[in-house]
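Consider the two complexes below, in which chain A is the common component and chain B and chain C are the respective partners.
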Partner chain A sequence: MNDFIRQAWAIFRKDVLLEIRELRHFFAVLLFGVLMMLLFSFALSVDPDVMRKMAPGLFWLAVLFASLLSLDHSFRSETEDEQWEGLLMAGIDPKALYVGKLLTNLSFVSLLQLLLLPLMAILFDLALTPSLLGVLLLGSFGVTTLGTLYAGVTATFHERQMLLPLLLFPMLVPVLLASVKVTELALAHDLFGQQMAWIRLLFVFDTVFFLGSLLLAEILFDGA
Partner chain B sequence: MKKICIVGSIGFLMYAQYYGLVVAPSDRMMGDVYRILFVHVPAAWMTMLFFFFSFIGSLLYLIRRQPRWDHLALATAEIGVVTNGLALALGSLWGKPTWGVWWTWDPRLTTTALLFIMYGGYLMLRQLLEDPERRAKVAACIGLLIFLNVPIVYLSVKWWRSLHQVQSSPTTMDPAMVIALRLNAFALLGVLSVILYHRLRLARALAERDGAESLPPPLVASGGEK
Partner chain C sequence: MSLPGKNPIVIELRGLGKRFGSHWVLSHLDLTVHAGEVVALFGRNGSGKSTLLKILATLLVPTCGSCKILGGQELREMRKSLRILGHAKQLYTGLTVLENLQLTAAIRGEGASDCELSLQRLGMYEARHRKVAALSEGMKKRVVLAKLLLGKESADLILLDEPHPALDVAGRKILGELLTNWRQEGKTILLASHDHEQVLTHVDRLLVLEQGRIGYDGPPSMTAALAEVKP
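Entry: the complex of A and B
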């Protein structure tokens, strides 16, 4: 077990280091997220009241599309020069590889959300509440837990940019619905009213698919 | 025997359709439009049934690692996608005259549409993987995850908004309608089973061909054939 955590941590550290050395990728994704929120608002409405109601939906769509870029990127270093085989030969447990990658993606997406959230508040004139942070974490965990697994599966495909969203997004519908609802309710100060049911749903989704992905990573990440 | 199965199942389907279109009475509220249900409902049932078989195939493949379970998962998923598309298209055709709209965001509709996309993606993924063993492995995992997600998707969409007509119970329907519906369900199951049999045969043949191709070339024959 100790070994497992050490391996996952090593993968995580390696990836974070790579991301820090190539920070422009993070900023490109962040800009893309900002652009998405602007574009969605242009396309949908000019009425500030309507905008305020739609803000959580626009925010989560922007996050979803931006995370796609992060996920798509996340196995790039492994697919080059057969480094995936290298990791496995070095004795890395495929499950540890999955957990390490999940941690990287989760940090990436969470950071992205943290930066996009104030922007949403400014653009749509909303007052943020601290309870939103919990939702963000549950939501981004839901997106990245399946996202990391699917990114690993599609990493070697030429068509992955089309295939990854096609496979992933329909699976993430519960996360999207629940996250948007909880965000809406949190902004409307409905703490622990209707919110709880949705939070529970997110929690169930996250648990089921984290465990499922962890089990399947053993099979799927066992060589590209 | 094969021919008897094909002719028999198609004949039975034609009879069931005749029963649904002619023998069963018109509906008091919906007139003849309701007869779409004799295809729509069996198609929706078959979708669930075949996706369930696909799930079983995926699960058994991961446990046993025998190609035949992968073939089962593939064949049933393909048939499921077809009936799924049929159920969606016919449901939409029925919705317009009955509800006044082609589409509503009802949980069952939305879940069915998402299933169509998820299994469509599953089939596409299979197309893109060339190594048969890796394809079977990856497809089985994705198949499991999709099936696991169906109840969660359904629940989430249900909470999100809930117009689908509650199923009529057999007791409120004219007996001839019930018979027509059941006949059609079994007839469709019969035809699909025949298709499934042949699809499995095809999958096996293709796997054998690919297996034969990937074997090393035979050594120079010594002593001729046989």
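Entry: the complex of A and C
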């Protein structure tokens, strides 16, 4: 277990260092997310009440598209000069590689959401609640568990930028639906009423996706 | 040093073949290498040297035949006892030299002090805080060699795929010293190269690959080595 944690942490630390030194990538993704939110807001300038109802869906779409860029990027450093093979030859546990990458992607997407949240509040005239943070974390965990697995699987393909959304989006539909619903309810200050069922559903999806991805990573991230 | 033939078998290939598409890169390969043997692998470009080393490193699966390495240990355990220097440098250019080594050490579970020792051995200690992107090709090759030295006690099989290119005279001298040390320590080494003069003094046995088959297997001699350049 100690080996597993040490290896996952080493991958996470390495990725964070690389991201910090190449901040332009994060800013590019953030800018993309901001542009998406602005475009949604301008394109759908309708009744403010309708806008408020649509805001969670539009927010999650912006996050999803922006996340796709970072998911695709997250394995590029492992394929530029066969670094992935180097990690395997150093004796990395493929599951630890997956968890390390998942932690990086989750941090990245969570930070992205935190920065986009105030923009959503301004554009759609919403009052933010602290419970939103937990909801967003649950949602982004669902997106990144599966996203990290698929990004790893498609990392060596020439057409990966096209393949990743084609494979990922259909699988993410349940997580996306639940995340939008829970966000909508959290904004309506009704989080612990009937809405608890949605949170449970999201939690189940997250758990199933995480355990499934972990098992598949053992096979799919092992090179030969 | 004991006679390699009396030592346990480290590599055992029987009828091994590897096909990419319709092209057989390796075919009907039989090979036995004992612990402590230092084997040079010569052959023209495309003769299958790198493919063979990748199969031995467990990074490629053979199309047919059997391949038993290090007594057929469990894959991850086996990889801990393997070291490979391939064509790719496998370095993160955005990290410093030391950070690259620390990453490998952390994954292998080696102490961080090993990293600095390895860098000193390769004459790269002064450059340890420089980003890999800012290094010359020769310096990068030295960093790759420094990575090979991490946890060298646990390395039973060392695979080197053309280690000489890009190294300057001093770098080649260090590599020569490393080969001598590894040989004295009884490591099993397979060394693919085109640099006959640099290699033949360090090896016990020479293999020449010709179109995916073993054309020569015997004592190292320049005559046999030169067979690879015949038309």
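In this section, the second predicted complex is superposed on the first by the 222 of 224 C-alpha atoms of A that agree within 3 Å, B and C clash if a C-alpha of one lies under 4 Å from a C-alpha of the other, contacts with A are read in each partner's own complex, and residues count from 1 in each chain.
Assume contacts are C-beta pairs under 8 Å (C-beta built on N, C-alpha and C of every residue); 3 or more make two chains touch, one makes a residue touch a chain.
The structure presented is a predicted model; accordingly, all values stated were derived computationally and were not measured.
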| item | value |
| --- | --- |
| Which superposed partner A:93 touches (first chain B, second chain C, both, neither) | second |
| Which superposed partner A:48 touches (first chain B, second chain C, both, neither) | neither |
| Partner chain in contact with A:22 - chain B first, chain C second, else both or neither | second |
| Which superposed partner A:10 touches (first chain B, second chain C, both, neither) | second |
| Residues of chain A contacting chain B in one complex and chain C in the other | none |
| Touch list for chain A against partner chain C, complex | 3, 6-7, 9-10, 14, 17-18, 21-22, 77, 80-83, 85-93, 222-224 |
| Interface residues, chain B side, partner chain A - complex | 62, 114, 117-118, 120-122, 124-125, 128, 137-138, 141-142, 144-146, 148-149, 152-153, 155-157, 159-160 |
| Interfacial residue positions of chain C with respect to chain A in the complex | 57-61, 75-76, 79-80, 82-84, 86, 88-95, 99, 103-104, 106-109, 147 |
| Contacting residues of chain A [partner chain B, same complex] | 146, 149, 153-154, 157, 159, 163, 166-167, 170-171, 173-174, 177-178, 181, 197-198, 201, 204-205, 208-209, 212-213, 216, 219-220 |
